[in-house]
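The first chain written gets the first letter, and so on, giving A, B, C and D; residue counts start at 1 in each chain.
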Amino acid sequence: MGFLGKGLFKGVSFRFTSLTACLFLIFFASTLILPISHNASLSLKPAFATESPAPAGEHAAPVLSKAEGKPEEGKKEGEGKFTYQPAPKIKVEDYPIVKGFNSRIAVWIVAQLHLFFGAFVLAVPIFVLVIEGVGLATKDERYDHMAHEFIKVSMTAFSITASLGGLLSLMLVSFYPDFFKYMAGIFGKTMIIYALLFFGESFCLYVYYYGWDRMNEGFSKWLHLTMGLMLNVFGMTLMVLSNTWVSFMMAPSGIDDAGVFTGDIWAAIRGPLWNPINLHRFIANIAFGGSIVGAYAAFKFLSAKTDEEKAHYDWMGYTANFIAIFGFLPLPFAGYWLMKEVYGYSQQMGITAMGGAFAWLFIIQAVLIGSLFLGANYYLWCGMGRIKGSERYTPAIKYLIVVIVGCFLVWFTPHTLIMTSKEVTQVGGTHHPVLGFLGVMSAKNTAVNILIVSTFLSFMLYRRSNKIATASWTSTGNALQVALFAGGAINIVTLGVYGYFIPANIRIGLSIPQVMTTLTIIIVSSVLDGFMYKGAKSTGPIEWGKMGQRSQYALFLLAVSFTWLMGLMGYVRSALRQHWHVYTVFRDNSLDAYTPTLGYAAGIITIAVYIFIALVIFAFWIANFSAKKHAEASH
Amino acid sequence: MMKKLIQAVILILVFYLILKLGIPALGSFLHHGTWPVVPTNLMRIYVFFIVAGVLLYLTFNEESAKELGKPIKEVYGNPEKGGLRMIVIAVIALFGGYITYQNVKPSFEAPVELRSIHPAPPSSVEMWGKPYNLLKLTNPFREDKANFEKNAREGGIVFFKNCFYCHGDKLDGKGHYNSGFSPMPANFVDVGTIAQLQESFLFWRIGTGGPGLPKEGAPWRSAMPIWQHFLSEEEIWKVILFLYDYTGHSPRTFG
Amino acid sequence: MKRKELFILFFTLTLTLTLALYTFAAQGDKDAGKKIYEKKCWWCHGEKGEGNGPAAEFLMPPPRDFTLGVYKYKSSPPGQVARDEDIFRIISDGMPGTMLGTAMPAWKDVLSEKDRWDLVAYVKSMTDLFQTEKASGEINFGSQVSSSEESIKKGKEAFKKAKCFECHGENGKGDAIKKLKDDWGFRVWPRNLTKPWTFRAGSEPKDIFTRVSVGIPGTPMPSFADPKSENKLTDEERWHVVNYVKSIQDDTKRLKEGEIVVKAKYAEGNLPEDTNAPEWNNASATAYQMVPQIIAKDRFFKPTNDGITVRALFNDKEIAFLLEWDDRTKSIPGDADAEKLAEGEVLEDAVAIQLPVTIPEAMQKPYFGHGDKEMGVNQWYWSSGNATAAKVIDSTGLGSGKARDAAKTDVKGKGEYKAGVWRVILKRSLTTANAKDDLQFEAGKFIPIGFASWDGSNGEKGSKHTMTTWYWVLLEPKAGSKVYTYPAAAIIILVAGQLWFARGMRKDYEK
Amino acid sequence: MKVFIRIIIFSVVLSLCYWGFSNYGIPQVIPEAPPVEEKISGSMTMDQYIALGGKIFNGKGTCTLCHNPVGGRAPLLVESGKDGAPIGARAADRIKDPRYKGKAKTAEEYIYESEVDPSAFVVAGFGKPGTNDTVSPMPATNKGSIGLSEAEIGAVIAYLQKSAGVQVTVKLPTGAAPAAAAPAAAEPQSAKTAEEAFGKHGCTTCHTIPGIAEGGDVGPNFKGLSSRAGSRVKGLSPKEYIMQSIVSPDAYTVKGFEPGTMPADLGEKMTVKELDMIIKYLMEKTG
């Protein structure tokens, strides 16, 4: 019975996964073939060979060959190149209407869900690989089990991602055919590579997962790890490739003013925003994966019956939270880089994001990120309760909390204050003489850096809780660290204040030394701590499982907030294009070309988050189901 | 037994007062004779996170959390304290009812309207029948160092013949007609206005005035005239030169 | 012992230094003052201090001409030149007033005390007068009489006795019966004493006492302390006058911080027809500042009206606005009194309300200057030439206004001038058959509203007038049931929630 | 199960909090609606016609290559400069100039004549060197590489008149003319051949290029370019030299020619493909 159940599950899962992968591929292939098959006289082969997918259909009338009057083949030039078409100018009527669907909302939600799961599917293997490696290095079996437990979840998530991807391309083809044709015309090649990579990833995943138990000794364990590495390489490449489409839509490159592709695919891929987005998404994925795993652990912890189970999931939650924070700390910097490149690419787009209609979005973002910081710190502080010896550090927490909440308040103080008319007269205008200072970049940068430094300090205190350094130079080391933190904080604040006295163009540059200070503090003090606590005396073990229930809710808060935040950032990144499919090149003339209000966007994001939560629960449930059967079988 | 609860209340009160009184006091120190209150809307969010911060502080430690919860548990859970429980329940419920009433009762408080102070400029704008590319536009008088004084003074004359009723002798947005307008005229001395902007932005704002604002800037409210109807291109550039010269700010540049 | 000596030494030193600094400051450095003058002051007061800077032609009252050495607001005895402190005070505090202020700002926040004294020195050097003459000091204030009913009554008598009403009007509204000019030949209007916030040099009792005692040099306002004057008042009498003037302040005309909503009050029965009907007191008065029209050609810079007070009442069928503003002249073309007082042709006094055609759903409104193409406006216009009627103007942008056929509107108007005050009623049914062109009033919804007024004796006509931007009118919503149901629901939910919570807690407690 | 329900409630409520803050905690700014796209076909209004003229003036017409305040190669047309008021305003005076020998009677006709027959009147100081201001270096805009249609020339005149603030006297073209003119004036498409690219970027206005009918002599003649290109700048191959001369023309100026004459922004305006084609053409066909 047990065996049957296990087999059944495996079979179902495998079939499900491969089925969706096939579907996904078919959609992609069909989107490439579709436009060509309309134009019967064009054979498939030259179209692929020459990267010319020839937009077809009534409104895209000037098909490549029409100009020459030879409809069979595209106009050839000296070197046998095909000419590419400019971005089509389309009208409202050109957008197909599917009854019962709002195309924008449908694509929005599906794309967002695809991204959520994509991030999850990318992050979990990184997570798993790292943990498996740690397990191998420390010979601690717990790590290996945890890794195995997670890759299982990844399997289901992988299928969901693929289905969502397929659904998304289907929707794009049916709701935005002209747009998709244009994109396929430029990125056709990469889309095929994408599909191939997808196969590669599936292959690695299967081998990695199903081979877990078989390949766990000696050389084969290393082979297994390599498989995991390959899985990640495929995954990363997939993400980086799909980022090209997104970054192309925001900041097109490799085309001329009219949207005519120059034929240089590398130029189109390597847009100005490509790398910032790659980095931003990569880091965010790690943090996101960590937070989801953390939530899973929290759930298991809360429903655990035995102390042993409790200890295991407590430890898992801690590890996941650690990875989430680790990914989260550099995230604002990656965001700054992205924003800087956006400004560099188009000042218009930059101002739209920071000063125009979206200014308030960053207030929402501040509230979300502030909640994340508070949640993460709270979890650490609660965690100190299960470590003997932490009493030495608990008095410091009250200062930390004041600093963190204070920075948080500064961070979300908006530039434009909402005031009643009475308050306007009391303040003497819409500009507040005190709060006005807090509304600008100098204050925000300072607050964020201090916030990060404080969070790192919390983490350091946590790490030190049950240790007493025995190195001979401990007092010097401590003094050094105090000086480092104090000096760094003073430097950050001074730079922030100095920012008010200099012109804006120089001020922007100040964020770099501030960030550098923060990074210096983090790196130098980590290294110092590493040396100082080598062979440190322990005041007692960490009593895993002796954690209050409240702290577990902090992990949920992290997961939900992070998901919501990703949805919000996805919205703004997309909305910055305003009424363009491809910024300044391919205009969006659909009825939905207007930018919705933030409240409306928040509604859609919330719905997407709910669907995501539901699907994640489904994925975990399936994984759990198998685990139960597994347990029954072995009994 | 009530220690932690009292501590929580006191902490929240102290931080609340620091913000409620401290910020206006600081403002009054910076600008004598004013009392710039913290807008209620913002204060609410401040208080929310202060409360959250205090609660986090008091609950991260297991004993402290228990102690904080104890009086609550006592009141709600202790079967012997039925009377007190009823009173607490009634007080809290009535308070909630009062808050709700405050929110639903008819109010004459004018709706809060919001406008973006620095809306995104268009990339090009048509003035005097000519297109101007705002992305590349620069002040032609900026480079003329030899005649800077003269040009700035001429700009000043334009300012005092056209602008100062609203924007004030001191360029502080407090001209003698200022309080008749909403939004109030821009204060150029403040670091948050022209010091943040490129000269081409000012050129656009002056040239097309209130009606030339995008919707997020609430063009229906701004009393800024469409200056291209009154002034020449040259005069506008000179006024811009004067604004920066008089206030000592320098225009924002990119690159 | 030693310490004490040291302290005394230190104290003396500090004192001497302070005193030295003070004297230095008080004397002022006129060359340093010149530099400041050229950066800050010449724009209005002119290069040589003749009051003819580039901005001068747009200012009413005009900037001071320093070459004459005559200062309107001084505290030295009549006949003497102004004291340095008087000049210093005006430079420091300006003459802004609220509402109809002058353009002279307070410089104390940007100029240091020394800078201001330097300016005093420079400004004084623009005339020879101060080289030969010097003020003896402040006038004698006698002993201040605190305000009481009796003192006010005595003040009123003194007000009559000294013939103050000849210029300031029976009620102190400044509704003159004389045409007044200052020594420079400019038309001047007597101050409206019911609006102390417009007093140029302060409305504290001491400030008013100084004005009454010293007069305003260069203007028809005489000194009432001058022994040579036939209207001389004693110190005590002048304090009574001060108390009387303070007592006639009209607070309904005063701006109140942040009050920008006309609160239309629901009235049972018919709406009053009479401008003085007591029912109007049920509605609360909201005062608005008016500014001259300086946005579109032709711009207008020299207004006489500075505010309007609005009340509104409505019943199930109609809404009526009572517009009230102080006007020193009742300007009706052809009216003999009006012609005597007017400068040139007598034009109509007029007032208008502006409303959008539809109640805006979101933030967007029509452009406040006559609407725009996206959203038009209705203007209800009343003028003194036809004081018992009103017309409606439809407009979708500056210059596009068209008066509507009288048959197609039921806006009624009625105006009355009494003792320096115009009161005008504008009335319309709440809803009309013409929803496309007319605003349909709805209780409980904020409706944008704006105002304009014309003073016919001041040459105001067409685009030359005073106006406001958008404010709001709210027809008081009927309380409705939600005022009771919502709080009740909240209470029930809270009680239930707490009981449920208590149940859980009890279980916990028993454990 | 109890735990499960609890965390679900927690997550749902937390998301709702964020939703609530986004809806009620901050003001809802309704962003500007997308700008109305210009109608390219069908009937045109005068404003659109003028805008079209502006586009041609700044783009396809290549007018600003010379008529710009930087180079001083031709009188300013839109801005007022040392040549007086903008052309729309000063055209009327030109006809009265004693040196004027053309046929134009009105300002509009004068501008039209200047576009199709530039030598009819040459502003003093702007003639071809050595012709004593009788021959204009400007190409006729209705022919050759620029090849504006009548409707397009009309649009340019309308634009010039509007810019000068004078009454626009040009009549809106009727029927199919604007429709035909419009697509041409729409965003420039990448040229398909080197010849086309020369035309598009106005190279022949100044240079004589072997194999192409007309050419100017403001810049060097390209006959024999490929054989001498390698020896111009040390270290640059012929191909690199040609590329540099296009992308940053002032890096090296051939003796006898004015530096700063060649527009410096050609490199930005050309697509990569066009640049390639041009270089290839010059390498192969200039012998």
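The rule we apply is simple: a residue touches a chain if its C-beta (ideal position, glycine included) is under 8 Å from a C-beta of that chain, and two chains touch if they have at least 3 such contacts.
Note that the structure is a prediction, hence the values are computed from the model and not measured.
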| item | value |
| --- | --- |
| A-D or A-C, whichever has more C-beta pairs in contact | A-D |
| Chain at the geometric heart of the assembly (C-alpha centres) | B |
| Chain A-chain D separation of Cα centroids, rounded to whole Å | 44 |
| Gap in Å, rounded to a whole number, between the CA centres of chain C and chain A | 58 |
| Gap in Å, rounded to a whole number, between the CA centres of chain D and chain C | 56 |
| Centroid spacing, where centroids are CA-atom means, of chain A and chain B in whole angstrom | 32 |
| Touching two or more other chains - residues of chain C | 258, 260, 363-364 |
| Chain A residues counted as touching two or more neighbouring chains | 356-357, 367, 414, 418, 420-424, 426 |
| Two or more partner chains touched - positions in chain B | 31, 45, 109-110, 112, 114, 116, 182, 215-216 |
| Chain B contact footprint on chain D (complex, rising order) | 25, 27, 29-33, 50, 54, 78, 162-163, 165 |
| Chain C contact footprint on chain A (complex, rising order) | 420-426 |
| Residues of chain C touching chain B in the complex | 40, 43-44, 53-55, 58, 96, 98-99, 101-105, 107, 109-110, 255, 258, 260-261, 263, 289-292, 294-297, 301, 363-368, 372, 375, 444, 446, 468-472, 474, 476-477, 479, 482-483, 486-491, 493-495, 498-499, 501-502, 505-510 |
| Residues of chain B touching chain A in the complex | 19, 23-24, 26-27, 30-31, 34-42, 45-46, 49-50, 52-53, 56-57, 59-62, 65, 109-110, 112, 114-121, 123, 135, 173, 182-184, 187, 190-192, 195-196, 216, 249-250, 252-255 |
| Residues on chain B engaged by chain C in the complex (per definition of touch) | 31-32, 72-74, 76-79, 85, 88-90, 92-94, 96-101, 103-106, 108-111, 113-114, 156-157, 159-161, 164-166, 168-170, 174-177, 179-182, 210-211, 215, 218-221, 223, 225, 229-230 |
